[in-house]
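Got a structure for you, questions after.
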Amino acid sequence: MYEIVAFYLFSVLTIGLFLVTVMSKNVLYAMTALASGMVLISGFFFILGADFLGVVQLIVYVGAVMALYSFAMMFFDATRDIKEKNTNAGLVFLLGGLSALVLVLMFAAPIHSDAIQALYPMHEGAGNAQDVGIVLFTKYLVPFEVAAVMLLVAMIAGIILAGKKMDQSLTEDTSADDEIMTLKDAK
Amino acid sequence: MDNILSVLVFFPAIAGLLGFVVDKESARAYGITVAAIEFLLSLWLWFSFDTANAGMQFVELIPLIPDFGVTYYLGVDGISLFIIIMATLMTLIGMMSMSITENVKNMIVTLLFLEMTMVGVFVALDAIIFYLFWELSLVPMLYIIGAWGGPLRVYASIKFFLYTFTGSLIMLVGMLFVAYVYHNLTGVWSFAITDWYALVLPVNYQLWLFAAFFLGFAIKVPMFPFHTWLPYAHGQAPTIGSVILAAVLLKMGTYGFVRFSLPMFPDASVMMITPIAVLSIIMVIYTAMVAYAQKDMKQVIAYSSVSHMGIIMLGIFAMNAEGIGGSVFQMLSHGIVSGALFMLVGVIYDRRHTKMMDEFGGLASVMPKYAVIFGIMLMAAVGLPLTIGFVGEFLVLLGFYQVSPIMTVLAGTSIIIGAIYMLAVYKKSFFGPVTNEANKTLKDLDAKETWSLIPLVLIVVWLGVYPKPVLAPIDHSVKAMLTFMDEKAITHGAKDMIKEAKSTKEVK
Amino acid sequence: MIGLTHYLVVSALIFSIGLVGVLRRRNLLMLFFATEVMLNAVNIAFAAISHYYNDLTGQMFAFFVIAIAASEVAVGLGILIVLYKRYGSLDLDDLANMRG
Amino acid sequence: MMESLVYIALFAPFASSMFSALFGMSPRQTFVGIVASMLLFISFVASATLAYHVYHTGASIHVTMMEWISAGDLTIPFGFIVDQVSVTMMTVVTLVSTVVHIYSIGYMDHDKSFNRFFSYLSAFVFSMMILVMSDNFAGLFIGWEGVGVCSWLLIGFWYHKADVTREENPSISPSWAANEAFIMNRIADLGMLIGLFILYWNVGSLQYDVVFSALPQLSGTILNAAAVALFIGAMGKSAQFPLHTWLTDAMEGPTPVSALIHAATMVTAGVFLVVRANPLFSMTPEISYFIAALGTFVAFFAASMALVNRDLKRIIAFSTLSQLGYMFAAAGLGAYWIALFHLAAHAFFKALLFLGAGNVMHAMHDELDIFKMGGLKKTMKWTYIYMGVASLALAGIPFFAGFFSKDAIIETAFNEGTLVLWAILVVTAGMTAFYSFRQVFLTFEGDERYKAFGIHPHEMYKFVLVAMSPLAILAVIAGFGMGSFEHFVTKLLPEYHMSEHTHHIAWLLGLVVLAFAVSGIILAYKKYAKKLVRDEKVENSFIYKLLANQYYIPNLYEEFISKPYAMISEHMWKDVDMKIVDATVDGIAKLLYKSGDGSRKMQTGNLSNYLNWMAVGGVLLLVVAALSAMLG
C-alpha cells in the first residue's frame, strides 16, 4: 500500500520539480529543483529494490554533480534572471507532447513477448549490493574499468578546461585579458 | 611470365609514380618508352594467347578479403584481349602525337595512371576489382579534361564525372545485390564474375539487376538519352583526352554488357532486346543527324562516336555469334578510327586554334598528306569494305537482321547518314577553294604526326583486309559465351531466341 | 498494485519534460539541466525493468549512465567555463558562429 | 598457269594504282601515266588470254586467295571466278580502261594532279575487277563500294572548285556532285546489304554457287524480297530512276573518268548484278517484269531529257542512262545474254563518244555548251569521225555495234508480248538517233560559233587518236561477233530464243526501228546541220523548260529531301538535344543544387535550432516505430 502512495507521491513531485527546472528563469531555482528531483528519483530506486543504485544516485548526482554545478555557477552570475529567446512554445509543446503521447502509448501497450528472460537474475536472499557487486565485477568488469578510466579522463579534462587562467576573474575586468580582447574583436 | 596480367596492370602505374622524379624535359620520352613497353607486353600477351581456348587465360587469383569473397582475380579471353591491346596502343599513339606543352610531366603521369585503370577494367574478373578500376578511370580523365581542357572545362569535367559516377553507383548496388543473392544461395560470399555466371536467377531478379547494370554501362557507352555528357567532354578535352575517351573509355560500357549483362542475365537480356534496339536505333539515327548539324569539326566526330556506339550496342543484343563478334570487332575498329579522327582534328586545331569548319575549306590543296589520312579514316568511319570499319558494321547488321529485319533496315541507314555527315565535313573542310588567308600557309603533317598516324592507317587497312587473326579468337569466346547463355537461360523464349539466332536456317 | 507500466509512463513523462527543456532553453547551463532530467528518466525505466524482470542488467546500465552523466558534467562544465571566458555568454543565440 | 593469270589480271591495276600513288603528291611525271597504262595493258592481255582459254575449254577458273571474314557460321573468302560472264566483263573493262589510261596521258597533260589521277583511275579498275571477278556476293559488295569511292574521288577530282548556284552549273561543284553520287549510291547499297542478309540467313552462305543451287528450296516471299533488295542496289549503281540524278552531275569529273566510270563500266555494274544473279531473277517474274518496265521507262525518260540539253557531256550522260534502261529491259525480260551483249557493245561506243567529247573539250578549253561550238569538223577531222561512228552505233544504224544489240532488245520486248514496252523502246530509239546527231551536228557542222568567244580549237595528240582507234573499230565491228558471243555466254546464262513468229517478222521489226532511227537523224540534220536557229517560242515552252531542268527532279530533291534534312538536323541538335535531353540532365543537377541551397538555411550555426531539428527527427522516428509496431 505504501508503495502505491510513495510511487504517486514521488511521481507528482518529480514531475513538478523537473517542470520547474525546465521552465524557471532563475538558475538557482532551476538547480535547486533539479537537485530535489534527483533525490526523489533515488526514492524510486529504493522502492524498486535497487538500493545500491539509489545510493549511487544520491552520492553521484545529488552529491557530486550538483556540487559541480553549484561551483560552476560561481563562475557565472547566477543571481541574474536568464534572458533568453525561448523557442516557439507551440513547437516545443507540440514536440514534447507528441513524444510523451507516443512514448506513453508505447509503454502502456501490453508486452506480449515471453522470450524475455533474465540474463543475470537476482538471487533470492542475497542483498542488492552483493548482487550488483558480483555482476559488476565479473560480467561487466571491462566496461567498469573503462568507465573508471573515462571518469579519470573527464576529471583531468574538466580541470584543464576550467583551470586555465584561474587567477583571472571571469566577471570583472576582462579587458585586461589580451586573448579575450582579440577574440571579441574577431567576433 | 605467369603474372603477365598483373604486370600489364601495374607496370604503367609504377612507372607513372617513378615519372614524378623524371626530369621535366625528358618526361615525354619517358612516357613514350613506358607506353611502348606496355604495348609490347600486350602484344606478347597476344602471342602467348592460346587462340583455340575460348575460356579465361593467364588467370591470377589471390584472395584479398576471404570473408567477403573479394579476390584479386584477373584473366583475359578473346573478347577482352584485343580491347587491351587497343588500349595500350592508343595510349602509346596518343602520347606520341601529343601536342601539349604545359605540364607535360603531369600529363604523362596521369596518362600512365589512366592506362593502369583501363587495362585493369578489361582484365578484372572480380566485380569489386572491376568496379575499382572502373571508378578510378574517372579520376585521371577528370583531371585531363579539367586541367588541360578548353574554356568550359570545369563544367564539362564535372558533368562527365557526376554523370558517369551516378550510373556506376547504381551498378555497384546491383553488384552487391548479386553477391548477396549468391551468398544466400551458396552460403559463401563471392564477387568473382565466373562464380556469378553459375548463378541462375529468377526472371524478375534478372530484370532488376539488368536495369541496375544497364544504367552504369549505358551512361558510359553513352546510350541515348544519356549521351549529352559526351559532346561536352569531347568539346573541352584536349586531343589526347578525346582520343583515349573515345577509343577506350567508351568501350568499357559495351564491354560491360558483354561481360556482365549477357551471361549473367540471359533471360532479361533477351527480353530487353527490343527496348535496347529501339534506343540504339534512335541513337544511331538521331545522333547522326545531330552530327550533321554541327559546326565544330570535333563535335561532329563526337556525335558520330555516339552513333557508332549505337551500332555496337545493336550487335551485342543480336544474341548471335555474328552480331556479338561483330560488335566486339567494331569496338576495336571504332577505337582506332575515332581515335585517329580526334587526333586529326587535333592536328588542325594545333595549327589554327579553331575547330569551326567554316574557318577551313580547301585544306586538301594546302595539306595533301593530312587530307589523305583524314580521307582514309573517314572512309573507315563510314564503313568502306576493306577498311576496319566495314567488318564490324557488316557483321553487326548481318547478325541483327536475324532478330528484326525492319530494325536492321533502320539501323542500316547509318551507312547513309553516316556518309552524309562525314562527307559534309570533308567537303566543308577539305574541298573548295582556299578562301581563308590563314589557311594558305598551313604546314602539312610533320614527322611526329605522320608517324603516329601511319600505324593506325596500316591497322585500318590490315584488319579490313585480313581480320582473321583478331576475329577468330573473338569468335571463339563469343560462341562459348552463347552456348553457355543458351544452357543457362530459364525461359523458353530466351532459349529459343539464343538458339535460333545462332544458326542459319537449314536448307530443306 | 504498481506495475512496470506505471514506472515506464512516469519515465516517459519525465523524459518528455527533459525534451521540452532541451527544445525550449537557449542557455547552455539550462540545457545541461534538461539533459540531466532526460538521463534520469531513462534510469528510472532501467531500474523498473530490472526490478520487474528480475534482471540486474538494467541496473548495470543505469550505473554506466550515471558514470557517463558524471563525466559529461565534468567535461561539459569545463567547456562552459571556457566558452564563458571567451564570449561572456552562455546563450546559444550568441554563440551561433557556424552559420552556413 | 591460268590461276596466276587471274591474279595478274586482278592485281596489275592495283600495282598501277599503288605505283602512281607513290608519286601522288609530286609534280606531274609522264612516266607514271605510261607505267600505269602498261600495267593496265598487261591486265587486259591477261584477261583476253583468260577469255580465250574459257572460250576454248568452256571451263571456268575458280581460285580462292584467302579467308576474309569468318564469324559465327559466316565464312567469306576472297574467291575469284573466271567464267563466261566475268571474263566478258573483265575483257571489256580492261580494254576500255587501257584505252582511257592512254587517252588520259594526253588529256590530263596540263593538270598538276596528273599522278594522283592515275592512282585513282587504276584503283577504280582494281575495284571493278573485284566486282566482276568475285565468286560471292560479299566480294561483289567490296568492289561495289570500292568503285563508289573511286567514283567519289574522281568526280571530285577538281575539288578546289567552289560551289556555285544551280542556275550557273546544274551540278553546283565537283565536290558537291561527288558527295551526291556517293550518298545516292549508299542509299542503294543499303538495299544491297539487306539482300545479302536475306540470302545469308536463308541459305547460310554468300557464295554464288551455293546460293543459286539453294534457291529452288526457298519460298516465294524470300526470293522476291531478295530480288527486290538486290535490285535496289543495282538501281543506285546503274542510276535508275529515282536515283538517277547523280549520273549527270557526275560529269563534273574529268572526261576520261566519265568515259570509263560513268559510261562504260561502273554504271553497268547494276546490269552485271542482275545478269550474275539471273537464277534468282528468273525465279521472280514479277520483279523481273518490274525491272524491264523501269528500264524501259528510264530509257525513254533519259532520252527525253537529252533532247534539249546543251551540255555536251550531259547529253552523253543522258544517253548512257537511256542505254542502261535498255539493258535492264533486256535483263528484266529474261534475255540476259542480250543485256550483257548490249553492255559490252555500249561500253565501246559510249567510251568512244565520251573520249571524243573529251577531245572537243580539250580543243574548246573546257567549253561544254554545244550552242557555242559548230563547224569543228575542219580542225578535228578524226574526232568527228570517231564521234560520228560512235553516234551511228548508238543510234542503231545497221552493221554498227549498237544495231545488233539494241535491235535484239527491242525484238525481245516484242517477243515477250510486252507491246507497250516495245513501242516505247522503238520511239526511244528514234529519240536516241535524234539527240545523238543533234549533238554531233551542232558540234562539228554548221557555222563556227566558237569564233565569237575567241577560241582556237586544235586536234588532239596523235597518240591519243591512235589509242582511241580500238574502240572505234569495235564500235563498228563488235556486232558481228554476236553469234559467237551468244554461243559463248549461254553456256552459263540461260539461252533466249525468239519464237517462230517473231523470227519470221524480225526483218519487219528491224525496219520499223531503223525507220525511226533514220528519221531521227534526218530531223537532226535538217534542224542543226546548217546552222543553229534558236526558236524562242520553243525554248520558253513549258515542256522544253521541264526537260531542260530534268523535270525539276534535282530541285525537288533539294527542296523536299536535302533542305528538310538539314533543317530537322538543326532542330534535333538545338531543340531536342540541347533543350530537352541535355536540359533534363542539367535540370536534375540544378534541382540538387537548389535543394542544397535551400537546406543551407537550416545551417544556422545555432545549436538550439539543431537540437530542435534533432528532436523533430527523433519524434518522427518514434512515430514511425510506433506506427510500424501498431500496423505490423
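Letters A, B, C and D mark the chains as written, and numbering starts fresh at 1 in each.
Keep in mind that, in the parts below, a contact is a pair of C-beta atoms (placed from the backbone, for glycine too) under 8 Å apart; a residue touches a chain by one contact, two chains touch by 3 or more.
Just so we're clear, the structure is a prediction, and the values are computed from it rather than from any experiment.
Chain B has its Cα centroid nearest to the centroid of all protein Cα atoms in the structure. Note on interfaces A-D and B-D: more C-beta pairs are in contact across B-D. One inter-chain figure worth recording: chain A and chain D are separated by 98 Å, centre to centre, where each centre is the mean of the chain's CA atoms.
The distance from the centre of chain A to the centre of chain B, each centre being the mean of the chain's C-alpha atoms, comes to 65 Å. Here the CA centre of chain B is 36 Å from the CA centre of chain D. Chain B and chain C, compared by their mean Cα positions, are separated by 60 Å.
Residue positions of chain B in touch with at least two other chains are not found. Chain D has residues 608, 612, 615 in contact with two or more other chains. Shared interface positions of chain C, defined as residues touching 2 or more other chains, are 19, 23, 25-26, 93, 97. Annotation, chain-chain contacts: A-C, A-D, B-D, C-D (touch as defined at the top). Chain D meets chain A in the complex at residues 608, 612, 615-616, 618-619, 622-623, 625-626, 629.
Chain contact summary for the complex, chain A toward chain C: residues 3-4, 7, 11, 14-15, 18-19, 21-23, 27, 30-31, 34, 37-38, 41, 44-45, 48-50, 52-53, 56-57, 60-61, 64-65, 68-69, 72-73, 75-76, 82-87, 89, 91-93, 95-97, 99-100, 103-104, 106-108, 116, 118-122, 131-132, 135-136, 139-140, 143, 147, 150-151, 153-155, 157-162, 164-165, 170, 174, 180, 183-184, 187.
Every residue of chain D that touches chain B in the complex is listed here, in rising order: 24-25, 66-74, 138, 141-142, 145-146, 149, 152, 156, 159-163, 173-176, 179, 182-183, 186-187, 189-190, 193-194, 196-198, 200-204, 214, 217, 565-566, 568-570, 572-574, 576-577, 581-582, 584-585, 589.
Considering their complex, residues 600-608, 611-612, 615 of chain D touch chain C. Contact residues of chain B toward chain D in the complex are 159, 162-163, 224-225, 227-229, 286, 289-290, 292-294, 320-322, 325-326, 329, 362, 364-365, 368-369, 372, 379, 382, 384-386, 390-391, 394-395, 397-399, 401-402, 405, 408-409, 412-413, 415-416, 419-420, 423-424, 427, 430-435, 465-468, 471-472, 474-475, 478-479, 502-508.
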